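Take a look at the structure below.
Order of writing sets the chain letters: A, B, C, D, E and F. Residues in each chain are counted from 1.
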Amino acid sequence: MRPSGRKPDELRPIRFTCHYTKHAEGSVLVEFGDTRVLCTASVDERVPPFLRGQNQGWVTAEYGMLPRATHERTHREASRGRQQGRTLEIQRLIGRALRAAVDLKALGERTIIVDCDVLQADGGTRTAAITGGFVALALAVEKLLQEGRIHKNPLHGQIASVSVGIYRGVPVLDLDYVEDCEAETDMNVVKNDGNAYVEIQGTAEGHPFRRDELEAMLDLADKGIAELLEHQRQALTLAGVA
Amino acid sequence: MRPSGRKPDELRPIRFTCHYTKHAEGSVLVEFGDTRVLCTASVDERVPPFLRGQNQGWVTAEYGMLPRATHERTHREASRGRQQGRTLEIQRLIGRALRAAVDLKALGERTIIVDCDVLQADGGTRTAAITGGFVALALAVEKLLQEGRIHKNPLHGQIASVSVGIYRGVPVLDLDYVEDCEAETDMNVVKNDGNAYVEIQGTAEGHPFRRDELEAMLDLADKGIAELLEHQRQALTLAGVA
Amino acid sequence: MRPSGRKPDELRPIRFTCHYTKHAEGSVLVEFGDTRVLCTASVDERVPPFLRGQNQGWVTAEYGMLPRATHERTHREASRGRQQGRTLEIQRLIGRALRAAVDLKALGERTIIVDCDVLQADGGTRTAAITGGFVALALAVEKLLQEGRIHKNPLHGQIASVSVGIYRGVPVLDLDYVEDCEAETDMNVVKNDGNAYVEIQGTAEGHPFRRDELEAMLDLADKGIAELLEHQRQALTLAGVA
Amino acid sequence: MRPSGRKPDELRPIRFTCHYTKHAEGSVLVEFGDTRVLCTASVDERVPPFLRGQNQGWVTAEYGMLPRATHERTHREASRGRQQGRTLEIQRLIGRALRAAVDLKALGERTIIVDCDVLQADGGTRTAAITGGFVALALAVEKLLQEGRIHKNPLHGQIASVSVGIYRGVPVLDLDYVEDCEAETDMNVVKNDGNAYVEIQGTAEGHPFRRDELEAMLDLADKGIAELLEHQRQALTLAGVA
Amino acid sequence: MRPSGRKPDELRPIRFTCHYTKHAEGSVLVEFGDTRVLCTASVDERVPPFLRGQNQGWVTAEYGMLPRATHERTHREASRGRQQGRTLEIQRLIGRALRAAVDLKALGERTIIVDCDVLQADGGTRTAAITGGFVALALAVEKLLQEGRIHKNPLHGQIASVSVGIYRGVPVLDLDYVEDCEAETDMNVVKNDGNAYVEIQGTAEGHPFRRDELEAMLDLADKGIAELLEHQRQALTLAGVA
Amino acid sequence: MRPSGRKPDELRPIRFTCHYTKHAEGSVLVEFGDTRVLCTASVDERVPPFLRGQNQGWVTAEYGMLPRATHERTHREASRGRQQGRTLEIQRLIGRALRAAVDLKALGERTIIVDCDVLQADGGTRTAAITGGFVALALAVEKLLQEGRIHKNPLHGQIASVSVGIYRGVPVLDLDYVEDCEAETDMNVVKNDGNAYVEIQGTAEGHPFRRDELEAMLDLADKGIAELLEHQRQALTLAGVA
């Protein structure tokens, strides 16, 4: 039924390539099928003005899309002179989601900036960015620990995200671009590894959804995120993070 | 238990002052307690470039906050030279929400712009803006019908919105500013008058929420929105819209 | 002769609603007929960089117009990314006018920002903004005095403003929108309560004006401003400012 | 009494160097003492969007100041990314002033843009810009006539401008920078050659001014502008414009 | 002598991964050692306004650097709201260089936009971008030919680029980041496959260079570019372009 | 053969008018034929943030073109809100070129900003700006020495620049606008008075150039720059700089 031949509750192939670039404290190329996002975590030994002198750190995110990551080329935001509302909305979401896993006091007075740049888009870029962003963040934190710059791990859990939706009347997990264009309803769910919700953003594109449809989508998201959390653990273990 | 003395499932006093300004095709001052938003709906006999020649209309929204609508004065976005991410996010939400009630074909090749300007903020400005924005939109549509510029009502339902959250461990309806600052979880829900969800945006500020907490918040939202839809009907009837 | 039926030297109905919003140190809704401007005065315990360490305060103003305050909707300056020349010109005028009543040394090292936002425009928004802005400023100063943050009243007088013009060959006072569109000459006059001029801005829209026409307009402005100063005193007395 | 040794009613040496640059349809370097402004008038065979198809032309102005035209270097507006309020205010004034001499119908569907760039500033740059801008405009119009692109002279008069003020209690004409810094009141007056006022902008910098002071300043402006109009006529005659 | 152990006239390992992304008409990941640039060529069936109706096409380029492509994270230009001078300079260079290989008439009325985004920077990003940009362009042209959208190959040659410099007194080829930081002189050379120069940009960072040093650098560039042209031919042959 | 009747190796008439404006520490109007650039050097007793506390100074440049310096009026960059890539590229070049003559340590912790504003353009504005910019810089340095603000001359040489190109198959020196439009190749060369190259920027506009053409152009540049350096020395001697 799905264009990709996947079952309704089946994720796309998930891949993490840790240490994809060499300069960042943490970096990973995350792939959800053909969606590819390069996530880097950079440590800055300063905090934003509103946090100065408060003895805590900060985690923030920025999101970008290469102009030809998409089917049709989109304008380069840098040359347009402003980030679109969609971009700002996504990077605010990524930042909030990642902070939900961090003890900012334990991080100390420093900022970790997670850059998520979409090299190729095929639906679900924001959920891939959150899921990969967490891995980049964990790699950077590991580096800070190894270098003795922090002594206690400020991460108190994992964060992962997936999209769910109603496609041709059927609730499905992890929509690709073709499904996304046609979906009646689209919902992005972010959870931690304690089975709790960090963020839910559901939008009725075509037809408003009933309570039972919402429940069915949440069930799919629960299953998908459990699998993504396991993928993250395997990738981090392979990269030498316990 | 609540600072305002309200019961957990109690809305703030709701008030609509229709025809608050004289130039706009539709205008209303909406109040959710001390939150006051001026909503105007303006008809423009053009459509945005991406819709030209497609024989349909468009509904969009803009959101603004007067600099001293808030406890501390905020910078004027016009003088800063850019709208904040928060502003763009809110006005995109209002626009999507209102379009869910409109048959854009029946509107014809014209745009209705709903401006929501917060005169005084005390929590819940975006939900008040959506709820009041619908009333302004309905007043403008009525005017188009009366003037014979359209012949069929393009509105196929009502749209209203409310916030719910977990405050000191208890699910509560329609948070004011004091509650909002302290809430562990905050969710904005938009529904139509067919008991279906148009948008759900839930954010765990303090602690991620469990599935049962989500269900409790949705129950409160269902009750609150039913009341808001009734308030809208009364205001529109008083303003002479059947 | 005038579209409104007013006599040539007659002001529109003037109304001040003090304490119109609750957060600002001073706030007033001022109405000159159908022109409605919300003026708030906000105290900021800092001064701009060019005044730091000079043991004096500052008073400045910002001006805005809601998009549908006007007959035709105008673009929102925040979304355009820049304030128009007209806006900058008006807010510079308001700031200069209000400073003419203030002993900046007595204010101490703090800034009062007067925001003037036009909710509905029907001609004369800048003169209403100055006249209402003074009331908001006086209310904020009163609050500073009552709270003991300053000990000497830094206001050494009142400031009010009105427009005059030549409409169909006749000098008239306080032009509304219909008159303004058609006026051959338009002049905005700002005075203090010592019968002296703070600012005069006269523009020949249609035909340049002779010296005797200028004199006739100044006579009308003198009369109108005397009445506005009395309106201000009554409003402030009602609001408990001696 | 004046720092320059001038009498209160004495202009600075006035000089017009017509055809100062070779590309513009009209160009002049105007000097009011040490204030030097390069004015060029450029003809564009289009009109702004709001005038298309209305069978009339347009005259507009732009104003700029070289960064080191002033005592202290000022920031280059192009690199700052926005024109200051002062700049916008001045260029709007120049444009309005020059249009008061032009029959826009007779100009035909074309725009004349008058650029006024200050090479050296010593007070009174806006009045020099208006006075020189008129000469550049007249030279460009002469060229259009000679080339047969228009057949009737669209200029129905001359425009000149001067500043007046109260310096150490005495009304003076054409303030230079030293006087301007210290003046209690400053007024810019624009007139045509029919002895009528086109624009009056008076600002009380130090102390609000009485009606009799205003009259004295207007008398000085009348005298100064009469002389400037004569200077313009001589310069244009020398440049071959009848 | 060189930090990398290379001989003075030795290129870094060069690699082209054609078809690196799936949406663009042409795409390649080019690597000069650790410098990695993703180049995509996108076909747009329009031309810029200045070329409309002139029966010819256009080729242009845009350049970007991911924030953490560098040793220290740099600001994201999109969030800063403007592209730096360095970025604009580089993308103008890439566009000019590529156009030198294209018969714009044969391209027809369409634009090819070559986006060069640096995923990892280690010196020489602009020369890698030009060299890889040509490959992406050739792949896109091949696609247009295969789809019958053009009938004659508009490419009349190849374009490649390399940097040369004086490092510790010795002329060297293809500087990496460590050498670049310390080089006294840096020169970027662009040539075609007819042994002619398309662009030369030499800058004395430390000490101005003599004519004989210039000659030595040009000799190295000649050798390096000959090798790069051969690498391009191999990559294109492998990708099925004759 | 050349439109101007000049020989291939002949410069245009060169003129320096030192002390052209009175406020700047150094100022000169430089003319290369009809190309006229006003160069001012301003001393600022601060350094940019990246140099603070490093016990050295800085020299930087800004470049602008008056809107009607050109054949067709160009847009004013200040009103466009951004400097074009071409402008940024030129001012970066001027700054680098001038710094090659300065011992930044000897300058002390201060910045000299060289503003180069084109009053009239007729080809070669960037080379005139560099050549005149050096004179303005030398005048400012002389002033600092005379006022005892520095004790050792931080200039260790002279800097001049000229353009060369291939025009109708013949290498020519110092191209004017007519030649520039038609030239097949255009190269800007910057040298010091020690016969060494500071910057070379060659661009094949029409046809890529061979090595022997490059050599011929460099020979012409050598000759032209030697003459320009002599012109500079004469101008500075006349202005009282030894």
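By definition in this document, a contact is a pair of C-beta atoms (placed from the backbone, for glycine too) under 8 Å apart; a residue touches a chain by one contact, two chains touch by 3 or more.
Not measured: the values here are computed from a predicted model.
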Chain hops separating chain E from chain C, counting only touching neighbours: 3
Chain E and chain B - chains in contact with each: A
Whole-Å gap between the CA centroids of chain A and chain D: 59
Whole-Å gap separating chain B and chain C, where each centre is the average of the chain's CA atoms: 33
Whole-Å gap separating chain E and chain F, where each centre is the average of the chain's CA atoms: 29
Two or more partner chains touched - positions in chain F: 81-82
Running round the ring (origin chain D, first step to chain F), the chains in order: D, F, E, A, B, C
Chain B to chain A touching residues, read off their complex: 82, 84-86, 88-89, 91-92, 96, 100, 187, 191-192, 194-204, 207-211, 214, 218
Sites on chain D touched by chain F in the complex: 21-24, 27, 34, 38, 40, 42, 44, 62, 64, 66-71, 73, 76-83, 87, 113, 115, 117, 119-121
